[in-house]
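Here chain A shows up in two complexes: once beside chain B, once beside chain C.
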Partner chain A sequence: MSKVKSLQHRSTGSITVRRSRISPLITLSGAVVLVAFLSWAPWILPAATVSIFMNFFILVIMATMWNLLAGYAGMVSIGQQGFVGLGAYATLYFAIKGVNPFVAIPLAILACGAIALPVTFLVFRLRGGYFSVATWVIADSAMLIIGSIALLGGGTGHYLPGLTNLSPDQLNHYTYLATWVVALLVVVATYLLLRSRMGLVLASVRDNEVASRSAGAKVTSTRRMVYIIAAAGCGAAGAVLAISQPFIQPGNEFNLQWAAEMLFVSMIGGLGTIEGPILGSIIFFVLQQLLQNWGAWYLIIFGTVAVVVAIWQPRGIWGLLRDRFNFELLPVGYRVVAGKEVADEAA
Partner chain B sequence: MADGITFQLEPGASVGVVGPNGAGKTSMFGIISGDIKPDTGTLSFAGHDLHRASVSARCRMGIGRTYQVPQPFEHMTVFENALLAAQQGAHVHGHDSYEMAYGSLERVGLADLANRPAGSLALLHRKRLELARALSTKPRILLLDEIAGGLTDAEVVELTTIIRGLQSDGIAILWIEHVVRALLSTVDRLLCLANGALVADGEPREVLASDAVRTVYLGGKIINEHGVA
Partner chain C sequence: MSWVNALVQGAMIGGFYALFACGLSLMFGVMKVINLAHGDMAVVAGYTAVFLAPKLHVAGVWSFIVVVPLFALVGYVLQRTLLQKSIDRDPFTTLLVTFGLSVVIENLLLQIYSANGQSVNIGSLISKSWQVSSTLYISYVSLVVLAVAVLMLGALQLFLSKTGTGRQIRAVSDDREAAQLCGANYRHLFGVAAAIAFGTVALAGISFGIMTQFAPTSGGVNLLFAFETVVIGGIGSVWGTLIGGILLGMAQQIGAHINPAYQILAGNALFLLVLAVRPQGLFGKKTALS
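So, the complex of A and B:
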């Protein structure tokens, strides 16, 4: 019976519901090793590799948030770069006001969440393609407004103050740790969110909003909550982006390229799975390193990969692996285990 | 769509709704469930005015419904479909929600398929899942929209047996159906709509035999004792 318990079984008397197919002990052990390695990385890896890791974590944060929005809640935004930019500029604003940039990260996250709330009342009036275009318009409007504020450097940009008291090594290590911790928190928080009752609501909204409402789900408030969380998460990505690349310009922070990268890695990794955007980000950086000397071919190959995956494997590479090996690293579903199966596993 | 329709449903009642296509039957369901906003009129449930209540709020109050075309959450499992309804509609949490969802699946004969993706189900099973999801919301009234449509005779018998079982639990049933024999074996009152208006309301066989109903719905044919035109 001990094995049954270790498999996260929830016996309810007549039935048993299982959330994970592998022992949490194995998952936890793997996670501890990974966390320990990535926490020590700046002290054991070359600076160039550490820099790639930082960019990787920033992309994981953005893609995880975009996947939560589009892959789970069915809101295909092409304006999340707006919150990346606002997160970066909120960090700059607080730093100008004398707040340590690292301390400004949570403040920037809160600011982006607060800005997202009124935005929902505007964009939630729209559906499908109209929603997507509206998010893009809002992101561009935010860029134009920020670019007109002299305090924040206007259109030419502003250097992030408050980092000069650190040595280059210290700055590099602290920035890496901030980026890594934010990425870890975002992935863990997303996992916990999707395992909660809200996760089931999100999955149902993605599949059929009408049926979700008629089953009693508070669809609009759930979507609003997710939009705010995704905005705050992208704001976090913007905040760590500002610290890792401390000359802040509207054209860089609000770049549409962020939205394209979020979409690309989520799609090739696997929409609607937590693992998908992470795997997609790994593939993205591996391809980037392999193809960096190929000039324009680099972008053509990226595009071809996206088209091939969209046509032949719309569930993404992780979807392919999951279906083939019947395996999930971060499971969020519910599986009913019949009495005999429980007995077999317990034996 | 639907105009001037007035009726009252008692707790535990079992009422069928018939009428030609375009009579306003599904529109009436939409108005009750909140999917359609009426231009005017009143709608109350257990003493509460439903005018401002959203679809999900009405569900949580105890109005469950199925759709004419089943609307499963295709990428979720059968169990997760029912679980969502139990957690959101019936507001039951944790282990109790598992029990409630599984109980609904057992009741409609889908327990063996609990871990199957809902998108892989055939029509009968999709209809059963539609019913199980509505049951998982712990309804006090259940709106069934042509749930027997497209099924074989044997499948209709299975479904009516399940629905009769619900009546014994005190769930009021309002059932739109063109398979008249299924209605006659189940309901104790029948409404007939045509052109958005209520044409008849009463004992099922009397309603089906009335001249008005024969004219608008059955084209003048007489229903025999098996409910066959």
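So, the complex of A and C:
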């Protein structure tokens, strides 16, 4: 983050290219404090709050992955719940085979990534809305196939074995830590990915696909990579979801509601920004807690707001804040600042 | 004989799928919009037929007299407002908006009418059937639905090729700017196309309610079947839609005949097979894909 390049400019003196307006040191120390607090949370917060935090992290993982897919790579998938379900069931499968469920998380992630590769060759034949519904068909088929496997409990479901040797407190803490670490890794990995060469290709495709293709960007293989990463990430969400439940049923793990939540959260928070899905998830959980005695109304209100945001404020709440106050917490691009401004900011 | 039965019943259901898919296909063909709330609109039509139409003294099978025009109006208004606004932005937005609508509608229905199954009551007519042979029965209802689907697709084809409005709709979908220069009001024409699409979806929703039970969550599955029908038959082909529906229905019945759990899976498998081997569909043109 401290990579600052100074150039000499003839008329205005020095020009600086840097990532962030805020000093990276401030962002970094803020992040350290936040990470420390969230790692201690299960020991200092009541169990009910901890469980809300777990669900929050699971949503952050899904929304971050959906945002990478739709907000950065332009692929509106409504079949990501398929990979959530496959991640949960891969964890169940390994646990039945005697693997510790926590050790099964990375295995489930790999499994989902591996399944996603052949899927891309089918769904990439379609574009736009047809792509969206095709991903849904795949998710639906995955649910039906999993539901017909007797070993995994069929349609009625199966308990996740391998957790009984832990005390309820231990289980709760470990599950929380697993969820939190996976969420942190997913967000950091997405951030680093978008700052890499691949992030540049994605940005160029988003701005003008034809131009970036003709400039030699490997558009299809980049998209394929993003799809696989998003599948693996949703598989990770499914794996921690399985441990946090821990009764696993096709109807729950493959629920279309996951797709709805990741979409609404990313849209309201701000598509195409790292912070957006996190902000959206916070708003979602606040609303859900406020309206918890009102049935499905939180989803109705949230969906309506998402539709309004999509039409009238497509950059979402984070986009609005960023435009208004001109700042970013996790910048992926560069800013060019003239010499005088640099001195002002430093002061 | 039971295999023949499975195929015949599949073909009958196929008529219903085609009826369902024709609105989806029309909206994609004209506006390039995939209406992800398509299935939920049909469910809303079912609820309107069960709860609202009897208040206007039209019940059961006659409820379409009220519901279809009502839905055509809803389609026109929705197209001129929300959908047009999102089309003006980009295709990406229309997907987000229609998916948002779909979730909102489903949960609203859940809040108002609970998750209980409902159906459109048509009395003893539902159990009447035509006995073809000792083991093969075809119910009058599915026969009527198939006939309605064929009539509907034929009428749509005639409307698009013979009437002035129909030709304008096709012109607008081929080249909007050129059609506008010739004086076509594309926003109004989009509204007309949406009105037709919503009218057909209302018919499909009522047929669905007559043939089987529906619940607030039925919309998603219906959208999947309609979508599979369109892709199997070929994007942008009217009669392909009918063939697509019949093939999908047959695949599902064959799957169900092997094992009841495989009914939907067999349909999905046929869809994925077509996607892998002939992505433009059986009767589609290759250009419709890009």
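What we mean here is this: the second predicted complex is superposed on the first by the 315 of 347 C-alpha atoms of A that agree within 3 Å, B and C clash if a C-alpha of one lies under 4 Å from a C-alpha of the other, contacts with A are read in each partner's own complex, and residues count from 1 in each chain.
Operating definition for what follows: contacts are C-beta pairs under 8 Å (C-beta built on N, C-alpha and C of every residue); 3 or more make two chains touch, one makes a residue touch a chain.
This one's a predicted model, so the numbers in the text were calculated from it and none came from an experiment.
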- Query: Is A:217 in contact with chain B, with chain C, with both, or with neither (first, second, both, neither)?
  - Reply: first
**Message:** So in the superposed three-chain picture, is A:17 touching just chain B, just chain C, both, or none of them (first/second/both/neither)?
**Reply:** first
Chain B versus chain C as contact partner of A:102, first or second or both or neither = neither
(request) For A:197, decide between first (touching chain B), second (touching chain C), both and neither. (result) first
>> With both complexes superposed on chain A, which partner does A:126 reach: first (chain B), second (chain C), both or neither?
In response: second
Winner on chain A touched-residue count between chain B and chain C: chain C
Touching chain A in the complex, chain B uses residues 33, 35, 54-56, 59-60, 65, 67, 71-77, 79-81, 83-85, 87-91, 93, 95-96, 98-99, 102, 114-115, 133, 136-137
Chain A partner, complex, touching residues on chain C are 28, 32-34, 36, 82, 85-86, 89, 91-97, 99-101, 103-104, 107-108, 110-111, 220, 223-224, 227-228, 231, 235, 261-262, 264-265, 268-269, 271-272, 275-276, 279, 289-290
The answer for chain A against chain C in the complex is residues 70, 74, 76, 78, 122, 125-130, 132-134, 136-138, 140-141, 144-145, 147-148, 256, 260, 263-264, 267, 295-297, 299-300, 303-304, 306-307, 310-311, 314
In the complex, the residues of chain A that touch chain B are 10, 12-15, 17, 197, 200-201, 203-204, 206-208, 210-219, 272, 333-336
